[in-house]
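What follows is a pair of complexes built around chain A, which joins chain B in one and chain C in the other.
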Partner chain A sequence: METLKEIAASLERGEDDRVHELVEQALAQGAAPGDVLNLGLIAGMNVVGEQFRQREIFLPDVLLAARAMYAGLDLLKPHLAREGVPTAGTVVIGSVKGDLHDIGKNLVGIMLKGAGFEVVDLGNDVPPGRFVDTAVASGASVIGMSALLTTTMPVMKEVVELVRARGLSDRVRIIVGGAPLSEAFAREIGADAYAFDAASAVDRVRALVAAR
Partner chain B sequence: MRTFRERLAAGEVLVGDGGWGTMLMARGLQPGEPPESLTLASPGVIEEVARLYLEAGADLVTTNTFGGSPLRLRAFGLEARTDEINRAAVEVLRRAVGTRALVSASIGPSGHLLKPYGDVEADELAESFGRQARALASAGVDVFCVETMTDLEEARLAVEAARTAAPETPVVATMTFEPTRRGFFTVMGASVPRAAQVLGGAGADLVGSNCGNGIDTMVEVARAFHAVTAAPLAIQANAGLPESRDGALVYPEPPEQFAAAVPALLEAGVRLIGGCCGTTPAHVRAIRAAVDAARAVA
Partner chain C sequence: MKWRIDWTVEASVPPRAAVLRAQGLPEDPDLPPRLGALVDDAFRVYRRLAEPRAIVGLVDHDEFAAVYEGEGQNDRATPLAVVFPKADALALFAATVGGALTEAIGDLFAQQEPALGYVLDAVASEAADALAYAAAADCLARLTGAGRLGPETRVLPYSPGYCGWHVSGQRALFAALRPEQIGITLNDSCLMQPLKSVSGVIVAGPAAVHQFDQEFPCCGPCGTRHCQDRMVSVLEG
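Let's turn to the complex of A and B:
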């Protein structure tokens, strides 16, 4: 359907009003909500994510595209629920206690939503217990933590230990990311995965969900 | 004491200090605690680190005010103490180094994005940096260091705030770049040529880069700047990216690696060389020795 391609293209250009209008139009034309999501919004965000990964575009472009995605998603959500279209899974994300940086974390949230995940964003400065409590309450299968400061990275280990102590390791996987982090650091603290950037976070979260 | 500008004009290469966050953590800064609060709570720790850098050969020491703009302090409920935190940070350094080193006033990002991408207006940002810069200036700083910026407009507003608060005080402005296939860009999309043009145009005396990269990549960043501007450059590199070993964070690049890069940095027009995250007094000592050795040859 041509309208779905147009949704993707408008989203890539960050045209929020146009995306809203096109989603409305697609639904009125009888498009399946799942198709509008997958072939329109998600397809567009995939392109945006890949362009950002290659640094053909930069953070401001991604943020504008995200705004356009939300304009479509807000409209689409009740339709998806009504049709019983399953989400890709639920992920709880946040920047760890003491870390007020949320740009990277927001980006991960954008990309996850753009890949069809339900995202519970706890914001920044999130204490360990809140990650775990929220994961349990929301039935999330993944906790994603971000830190941009070397002073806050150690908090991630506390969350890993808390998940273990509560016997949730089988149900809740943990992924970490942030500029000062590395694969080795993630392994060392016992996290299940590390993501170098927002686009790879989506791939890793998909793999974690699939492996459950 | 000769001023920052006099020393630069005399052809001197200035050596900056190294990382502070990592040094403060090793001295009891708790994860999640804003480093700026330590200035008021444990000034002795700040003095100790400043002296270590002074003894290592730093020509300038940096105030513990990276997150000292009111917009950023607000997140910790410390906005009302902006003036006190910034003034105290200058005073404690002055106590520690007297006139044996220049006091460089750090101004870091606000932690907010400008509209339409984020939630702040340009005039709020300007006022926030203005308030910090005025507090720093009133305590008597030798140079401003606007650092770790990724948004060029935010960096420009910070440089302007410093220039307005103290028109006679020099300003160093550095941004954090990533390598891409089309050259170095900040995550917000600022290229090296644009950064050189805009920051220089706003009145920065030195432009360049800090954080995000190890020293060898910084040599390439310096060359990129040198190709587009005649301005003297400032480079403050990380000691690589941190690795976790036995539960502790370790920055992999040793002091010798920094020393080895000094000739290439000088070649590329760098006139202020220091360290950022993970660098220690040992890195500063190595830079100092390499800078002195290069001068002896020249």
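Let's turn to the complex of A and C:
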């Protein structure tokens, strides 16, 4: 359907009003909500994500595209819910207790939504128990934690241990990220994955979900 | 001696080129127009909400040695441990662009305006970092004006959390300076609020005081090497 291609193209250009209009038009023309999501919005975000990985565009370009995606997604969500269209998975994200930095975490959330994931964003200063309780309540398969301070990094280990203690390790995978972190630190605390930046976080989460 | 600095908003606005450079964006006129408009919007919001201020307090070498020791978690060798004993004057400082900007950034992300939120965050971060240098310049002007320092004196700010000075050092710094007086507080993780704040020590002395070889334990994993530019800046005056 031509309209779906137009949605993707408009999203790539960050044209939020146009995306909203085209999603409305596609639904009126009888397009399946799942197709509008996958062949329109997510297809557009995939192109944008790839352009960003190839350094053809800048992060603010990605965020303008994300705004356009939201414009379409807000309209589409009730239709997706009505038709029971599955998401790519649910991910609970947050900055750990004591840490109020959340730009990096916000970027990860935006990228994950763009890839079709349902994101439960707990914000910042999130205590360990809240990550785990929310993952259970929302049926999330991944918890994503962010920390920007060496003093707050140890909280991540508490969450890993809590997931283990509650016997959820098979159901809930853990990914960590943030400026002072490393792959080695992630391994050391028993996390399932480490993401260097928001773009790689999407790839890592996809892999975690696929491996379940 | 302790004093408060209230800058005009305009004095705290960071150079546009510095913000673009820090974000890896091309400078004008190569900046794509839609990104240029976004940066313009971010500067507009910054001008509307910024409340730049600082508190500065002179300390002697022994007082600073105690602050620097903090909770004993610093690297065993650091540039600052080599630099500060040779200083002619030392001053603790804390500066902020205010809390309204942090709130606005959070609101923009919540309102699905992530691009503007992100660029505003970059502008506010750049401005907060620049306030450390502005506070150092203010300190230098006061001390040279009072005849306590000579014209060859150069100043640089050094902050906990960088170059081997452990971030837990914030607690001793806050206990000595009391930045709460200008609305900056510290949480249990040694994180300042408002988020766009900067603190540390201003080291004053001849340019040679600020020079060191980058052979400290913290230099190996350092990805920025900003100290190189800082050393050059004091040599150039």
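Following the convention adopted for this analysis, the second predicted complex is superposed on the first by the 210 of 212 C-alpha atoms of A that agree within 3 Å, B and C clash if a C-alpha of one lies under 4 Å from a C-alpha of the other, contacts with A are read in each partner's own complex, and residues count from 1 in each chain.
Assume a residue touches a chain if its C-beta (ideal position, glycine included) is under 8 Å from a C-beta of that chain, and two chains touch if they have at least 3 such contacts.
Being a predicted model, the structure only gives us computed values, none of them experimental.
Partners chain B and chain C, once the complexes are superposed on chain A, run into each other and clash. When the two structures are aligned on the shared chain, A:Gln54 is found in touch with chain B, with no touch to chain C.
Legend: residue contacts after superposition of the two complexes on their common chain; A:Pro154 is shown touching chain B, with no touch to chain C. With both structures placed on the common chain, the touch criterion links A:Ser10 to neither chain B nor chain C. Of the two partners chain B and chain C, it is B that touches the larger number of chain A residues.
In the superposition on chain A, contact of A:Ile110 is made with chain C only, not with chain B. With both structures placed on the common chain, the touch criterion links A:Ala184 to chain B but leaves chain C unconnected. In the superposition on chain A, A:Tyr70 makes contact with chain C only, not with chain B.
Chain A residues 58-61, 63-64, 98-101, 103, 149-152 lie at the interface with chain B in one structure and with chain C in the other. Put simply, chain A touches chain B in their complex at residues 54-55, 57-61, 63-64, 96-101, 103, 124-125, 149-155, 157, 179-182, 184-185, 188-189. Put simply, chain C touches chain A in their complex at residues 23-25, 32, 34-35, 38, 105-106, 109, 112-115, 117-119, 121, 161, 167-168, 187-191, 193, 195.
Considering their complex, residues 21-22, 24-25, 29-33, 35, 72, 75, 111, 113, 116-118, 150, 178, 180-182, 185-189, 212, 241-247, 249, 277-278 of chain B touch chain A. Considering their complex, residues 14, 58-61, 63-64, 66-67, 70, 98-103, 106-107, 110, 149-152 of chain A touch chain C.
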